[in-house]
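Chains: A, B and C, in written order; residue numbering restarts at 1 for each.
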């Protein structure tokens, strides 16, 4: 399994249900999806639409209750079954969540971000780690001096960028971002989005960008998938979906954004 | 909802389920105790043989091992133990050759009597102090009650008793020496000394016993009231803030009503503690019995330690914990009767 | 007793900043520190040897023997002071052992109980066993353990630790159940950490707080149980100056009106358990205050959590 091999992630009838009997809740209705190495997919939906569950299933944080996820023809279950192949999968696919507590409050950022370098990329020398961390910090406009701090000692935007750094140092083939900018101030949002977009383009990574805000998703990705109550209601290129929405929910969504941006414009 | 029997079962399921759990609890605990005392480092056989001052031969060691029921593989022992457990037989004491169950149960009532008197006294004292706490707005008084309640679970009961003895026996000479319940042999009917004395009409002995009980029970009341009081005060403080109370005051309900209602709502939190600290009461009673020269389970325990009486120790542990489990059961049932929210299965029904 | 060591307070008072909060924080430690100081300094401050006869027996309190002498002529003041040493020795050993053991077991239970398979079964089993052991009265468990292992310091330590290890087990388990929902464990997983490594590096350090704060309480309970067991006659061996044993051997004198052999050790138990109880309640209250202070010294400026 060399890195040169073409990377493909396929979802075949993947769905997720929680609970049993009367209390059963469907989080994601069975869906098919093919993710290529150069994907730029935005997933949009309100909270509870199953978009996060979908993203988490792709990295094995949740187990699908139906269907199979496969990477290069090999089921995810198998990838995660042995230590070596699990690390290999983590090298290929990385996931960044909305940061609230994604860092151990007792660790410094240096400790946290160097872990994937050591474990996934096998970098041993302290100098090599330092230089890679400095490089990624530079790319994400982070002050390398912040590496010596603990999570509560930096701002939310800085913490979110460290969370990105932790995944990006691995140099994955696919990056899955789950609501990474939702908790940030609007001013910081733009900066972080730009950083992600640039990095993904420069390193030829695939990107799946999950969010509930339309502007962020349309800015960063070329394809769009709209989810509602666990169901995919619309897919297509951003241009197609925005100009010719077919599903009433998508039309509603677009209309809401149009009116809110008008209001904002009016106020200014 | 077809048959009335099923409905009746549903309505009563909470206490039936809780009651059924008791034998299961006892069985599981007895099994845990069985393994616990066999997994402890150290060999009771060696300790027993060493304490006998006899020549140690392999035969004597084997004989002692067989006496203790420690011969054979652990699984054989377990099967044998389970068999005995179901027949209510936990082996014979090595010292007296009397069945351990008989020995423990002949002593348990007098210990329980002491505990119940102490518990009752503490409960009354707690109610009185709780009333003082609510009734009088004097901040000094309230702080004093609070301060007293902060002594919960700190002072060992026998230390309190020592000071009582010094004060009332040595200095004031008001009360008799701590040398047992009453002169002569107590009549045995139920095993509860006071009850037996009443049944047999031994009035002079009853008087002596009651006098002898003053200091130990007082010590228990002084020591254990704070445990209950912290809960009661916490409950009272919480309930005073409740809108129900404010509404009653605003509506001009009689004072007496408000107090009764207030206490009724605060008591469940006190009763919960009963179950939790029944165990420490048994522990405390053991030291009190030793101090005042009362015969009871503590005496049996200490004697079993001194003679390395393995079956007696094992049976002692199981029976004492069984009593604790029963006490917890009673407390649980009272609580569930008072407060339906505590009944098991209530969450499923309300969904 | 306490009149002889005012220095301890002074030493502790040289703390961070002399504000009201700090002084209150320091005072929380004073009673506990005093008990420990008496234990540590026992050889210096005890006037006589605690285990040899130094005068006639049963002397009432006098300027030579402040607390009098016991039935074999040993100095009760010296024995009472050395009693603190015995109590503190057991208290420290038991508190450390049961906290370490409790954290390890509690972490294991918290991490394994909801998983399926053998580990989950083991975790749930341990949790149940711990609940049942919690139902055994301390003194009763002490009697049985000492009875089976034979009377020795080791047996006593095992007995008291078995009684007191359950609290840190439960405290740590609850904390682990909270921590394991934290998303930094998922991040650790994605960074390639094994679950064992994550348990060691992330779960345990973030879950030990309650168990650590519970340590002084264990210390106090240990003193109480040790004295109770000594009092009923199954504690440490005879001439060792242990408070419970001293009280029980002074009982026969007490009945005859000689109060000093029993009362002074009883007062020592009373004062020390009250002191430890005060500290064990005050120290956790001071915890946030101390933490804030430590952070304020930290040269790196803090920013509020987003």
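The definition used in the following text is that a contact is a pair of C-beta atoms (placed from the backbone, for glycine too) under 8 Å apart; a residue touches a chain by one contact, two chains touch by 3 or more.
All values reported here derive from a predicted model rather than from experimental measurement.
Using the average of C-alpha coordinates as each chain's centre, A ends up farthest from chain C. Ranking B-C and A-C by contacting C-beta pairs places B-C first. Remark: the per-chain Cα centre closest to the mean position of all protein Cα atoms belongs to C.
Between the Cα centres of chain A and chain B there is a gap of 58 Å. If each chain is reduced to the centroid of its CA atoms, chain B and chain C end up 25 Å from each other.
The mean-CA centres of chain A and chain C are about 49 angstrom from one another, to the nearest whole unit. Within the complex formed with chain B, the residues of chain C that make contact are 128-129, 132-133, 135-141, 143-151, 154-155, 158, 220, 224, 227-228, 231-234, 247-248, 251, 254-255, 257, 259, 262-263, 266, 269-270, 273-274, 277, 281.
Residues 182-184, 186-194, 201-202, 205-206, 300-303, 305-306 of chain C touch chain A in their complex. Interface of chain A with chain C (complex): residues 59, 61, 83, 86-87, 90, 94-95, 97, 100-107, 112, 115-116, 119-120, 148-149, 152-156, 159, 163, 166-167, 183.
On the chain B side of its complex with chain C, the touching residues are 25, 28-29, 32, 36-37, 40-42, 44, 46-47, 50, 150-151, 154-156, 158-159, 162-163, 165-166, 169-170, 177-179, 279-284, 286-287, 290-291, 298, 301-302, 304-305, 308-310, 313-314, 316-317, 320-321, 324-325, 328.
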